[in-house]
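Letters A, B, C and D mark the chains as written, and numbering starts fresh at 1 in each.
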Amino acid sequence: MTLALDGLTILAVCAGAFFFLAGTVGLLRFPDPLSRLHALTKADNLGLGLIVLGLLFQAGGLLAALKLIGVWLLALLAGASISQLIARTARPGGPPA
Amino acid sequence: MPYSATAGGFLLVLAIVLPVAGVLIALLFGRRYAERIALAVMPFGLAVAIAIAVAVSNTRQVLQYVIGGWQPPLGVALRADGLSAAMMVTAALLIPAIGLYARPQFSQPPGTERRAPLVFWILLLAVWAALNAVFLGADLFNLFVALELLTFAAVPLVCLDGRAETLAAALRYLLFALLGSALYLLGAVLLYGAYGTLDIALLSARVRPEPAAWAALSLMTVGLLAKAALYPLHLWLPPAHAGAPAPASAVLSGLVVKAPFFLVVRLWFDVMPRLPDRAAAQVLGVLAAVAILFGSLLALRQVRLKLLIAYSTVAQIGYLFLIFPLAGGARVGHPWITSAWTGGVLQAISHAFAKAAMFMAAGLIYEALGHDRIAGLAGVGKALPITVFAFGLGGMSLMGLPPSGGFVAKAMLLTAAVADGQWWWAVVVLAGGVLAGGYVFLVLARALADPSEPLALLAYISRTRQAVVLVLALFAVLLGFVPLRPWELLLIGRPDAAAMAFR
Amino acid sequence: MSAATLYGLSAAVLVGVGLFGLIVHPHPLRKILSFNLIGGGVFLLLGVVARRGAAAGFGGDPVPQALVITGIVVAFAATALAVMLLLRLSQETGRSTLASDE
Amino acid sequence: MVFDIGLAVLVLGVAVWTTAARDAFAAVVGFVAYGLLLALVWVRIAAPDVALTEAAIGGGVTGVLLLGAGTRLRAIEATAPAGEKPGSGLQLAAGMLCVFVTGGLAAIVLLLPEPAPTLAPLAAAHLAGTGLDNPVTAVLMAYRAIDTLLETVVLALALIGIWSLAPDGVWGGLPGPRHHIDSDGVLTFLVQLLAPVGILVGIHIFWIGSVAPGGEFQGATILAAMWLLAMMAGLVEAPPVSRRWLRLVLVIGPLTFLAIGLAGFGMSGAFLAYPEAYAKLLILTIEVPVTLSIAATLALLVAGPPERAQQR
């Protein structure tokens, strides 16, 4: 049982790490702010989500699991809002007055 | 070696707590209450300082207090020896005088609250709290917090008028002070890492001559020199001290720069008395000598009175640091160690009174004339005779003319230098006195000259304020009537004479 | 080499890097940043001292750890005062250098 | 160990980058990353209390402060030439000095005594007398309470210093520039969702400080951050600095600290001593107002001096 859980953890965390890597490559390679942002949000949301999923299998109890999910939700919220703000500033027309 | 609580130890707590409470309550009520609270705290603060000095002098023992009953090294102690008591009384006499002087300048109109008066009164109390915490601290980290308290109280005083030049001066002062704090803390960290305590008494028993102790001493000394503005780390001082309002300049030049000097003394004589050798002491002596000559020469070249006084502070700080080659260069048991020691400390005290009086006199002249250009001072001697007389008395102490505190201080430094065969310091002391005579007479000659056209005073200068300045200058002179021998008070709590000598 | 020693050496480098920045950068904001780099190094060294003193079931000596907390808060207050002084100065002069003295 | 080496290299790399970056704004961004990485280092050297402080202050509010300052300076400086860097001779000398300092410190680190001197056993032995389980909180609130008391005063003084920079005409007015409510409502949405959670987390971290990593400084910083966020979103205004209630909030912490400290003279015969039976209760009574005062002070330190006259 623990072996299976460990396996799932490794799988999910590796997948998450892959998305982070891909996102980082995108951030460095894409030409303009908007597409960079596009790459970054994928890394943030999906990568972190998969890592949290993987860690859930290792969580000691319900409280720990809820904390992990809370971390993910907060990161999602912050990431989405900040991306909005950056995108608005970076839009060709500049920020709306 | 556990600290034992001594009778009267609670006075040490009061000395810090009183002005701190004043700061907080003054901020809470604001408006005209800030001034009233500050003035109400002053007599109590003075009484506490005198009580501490009396207790130390009567019992001939160090006053101690263990805060919260937690013994060092886990806890923190406060400690007042003769040196602390003398410095505390100096501060407690100067601050009320500065407060009285500043009243017309920093009074609040009824019913409203203006910025500069509120900030001035709060920070005046804060400087006092910080100074007492520095003079009483017995723990290196507690002293770090006290130093930061002092920095945060002193820096905004520089730019109270909000002009661009004073803002720049304040920022530069802050950057120097922060670098100094960082280096000081780094040294304290090394000491804790090597010896597991920050308590001064425990450290003095544990410190051995090894790289960690040497590095700590060097880092902390350099950091404190940046705060004390010893050459070549003096660049921030003249614009800051000259740009501040006169009462603030008096606090900064008279008292604030003495705190880091006091801590260097603590480090060299109390924390690591056996560590520094003669070569290290000579290095400090060379810096002191350059400061005396260079500061005095620059003071001679100034066209503005307040800048002249500020450069003179750079020079007078130099005299303080002669204590290191002189009190450290002697062999065990020689009487001139204590002579140099007393001379150095007396220089700190008499310079505090003299320099405060001179800055405050310059402030009155500025208010009366609307400028402080030395070339335009003609006629001031007739218009403000008391002020100019007070300035002259302060200058007498800087020159080291008898009778004055500066004379006794410099005579003792001279005696120690000659008796120990270190004649070159004696030459520096004498040359500095001649140069000081030059810049003081430069000002007095102008002030006493007849004006080419009648002098129009912009403002009425009250007798009270002139009298306050005169009293401070007289204090500097009166110190000259103490007998020309080591003060017993200043030697209370010194480790035995053998420990006072460096290797 | 233990992790504590590794971080101790890193702290030494941080102090050096910060000191360099403080000396060579003419811009006050960069000087303030450099001061904070030095601060980070000093605090880290204190943390290393704490870690080396792990005993009595604690992962580190709690006394230096508490000193670091005090130090970080004080350093923040200093940074805030310096930054606000700089902003005010640049509003007054339209630039933000310390050049131009008498 | 591999992780530690990687982390150390990263921290040093970011520090060098912060110093070397051409653009001041880029340096600021580097510094924020430096603060966050340092927080990780603190976890690695078993100092979770410090890690929380570093993350909240070093990576959090310092970042807000410096980024805000960088932006405003950039707007002012666009028209003015930057200062000159010193010549290469001076740079070389500075570099040599710094290499010397680093080398000396490194040597001392390697020479530190083994076993290391420590106060941990003493701190543990007296822990029962404080009623606390977290030794770091015991140091801050009991063994070295005088430092913490003076530190709260340092914070208050820093705020007075910043307020003293206000132009005379606007004294008593509102701190900092005006922040408009965001037209798309993104920031508003974020704050409305995040602030309640943040406040809860802040209180939790403060509350848990007596038994676990956390405490008044960390909790207060999170509370301050939430207030700042709401200010920046334009949802709340920073209060005018002349308000009596604001002054009360700023000084209530240190004043309570002082009052209970003085009461110690009567209760246990020493300043800042707590009778053992009530130690925890008294410490908590100090910590609640101190947290409030620190939170308000930290937020207003970032908000800056009054810049706008009070509306009448």
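We take it that a contact is a pair of C-beta atoms (placed from the backbone, for glycine too) under 8 Å apart; a residue touches a chain by one contact, two chains touch by 3 or more.
Since the model is a prediction, treat every value here as computed from it, not as a measurement.
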What is the set of chains touching both subunit C and subunit D? B
CA centroid of subunit A to CA centroid of subunit C, Å: 31
Could you put a whole-Å number on the gap between the CA centroids of subunit A and subunit D? 28
Return the distance between the CA-based centres of subunit A and subunit B, expressed in whole Å. 57
Contacts with two or more other chains, residues of subunit D listed in rising order: 105, 112, 116-119, 123, 143-144, 147, 151, 154, 158, 161, 165
Of all residues in subunit B, which are in touch with two or more distinct other chains? 74, 141, 145, 148, 152, 155-156, 159, 162, 167, 186, 190, 192-193, 196
Considering subunit C alone, which of its residues make contact with at least two other chains? 15, 32, 45, 48-49, 52-53, 63, 67, 70, 74, 77-78, 81, 85-86, 88, 98
Touching pairs among all chains present in the structure: A-D, B-C, B-D, C-D
For a test of understanding, state which residues of subunit B touch subunit D in their complex under the given definition. 5, 10, 13, 17, 20-21, 23-25, 27-30, 65-70, 73-76, 113-116, 119, 122-123, 126, 129, 133, 141-142, 145-146, 148-149, 152-153, 155-156, 159-160, 162, 167, 186, 190, 192-197, 210-212, 215
In their shared complex, subunit B is touched by residues of subunit D numbered 104-105, 107-108, 111-113, 116-119, 122-123, 126, 142-147, 149-151, 153-154, 156-158, 160-161, 163-168, 171-172, 242, 244, 247-248, 250-251, 254-255, 258, 261-262, 264-265, 268-274
Show me the residue ranges of subunit D that touch subunit C in the complex, using the header's touch definition. 1, 4-5, 8, 11-12, 15-16, 18-19, 24, 27-28, 31, 34-35, 38, 41-42, 44-47, 49-50, 53-54, 57-58, 61-62, 65-66, 69-70, 72-73, 76-77, 79-86, 90-91, 94-95, 97-99, 101-103, 105-106, 109-110, 112, 116-121, 123-125, 135-136, 138-140, 143-144, 147-148, 151, 154-155, 158, 161-162, 165, 215, 217, 294, 298, 301-302, 304-305
Which part of subunit D faces subunit A closely enough to touch in the complex? 183-184, 186-187, 189-190, 193-194, 197
Subunit B partner, complex, touching residues on subunit C are 15, 22, 28, 31-32, 35, 38-39, 42, 45-46, 48-49, 52-53, 63-64, 67, 70-71, 74, 77-78, 81-82, 85-86, 88-89, 92-93, 98, 100-102
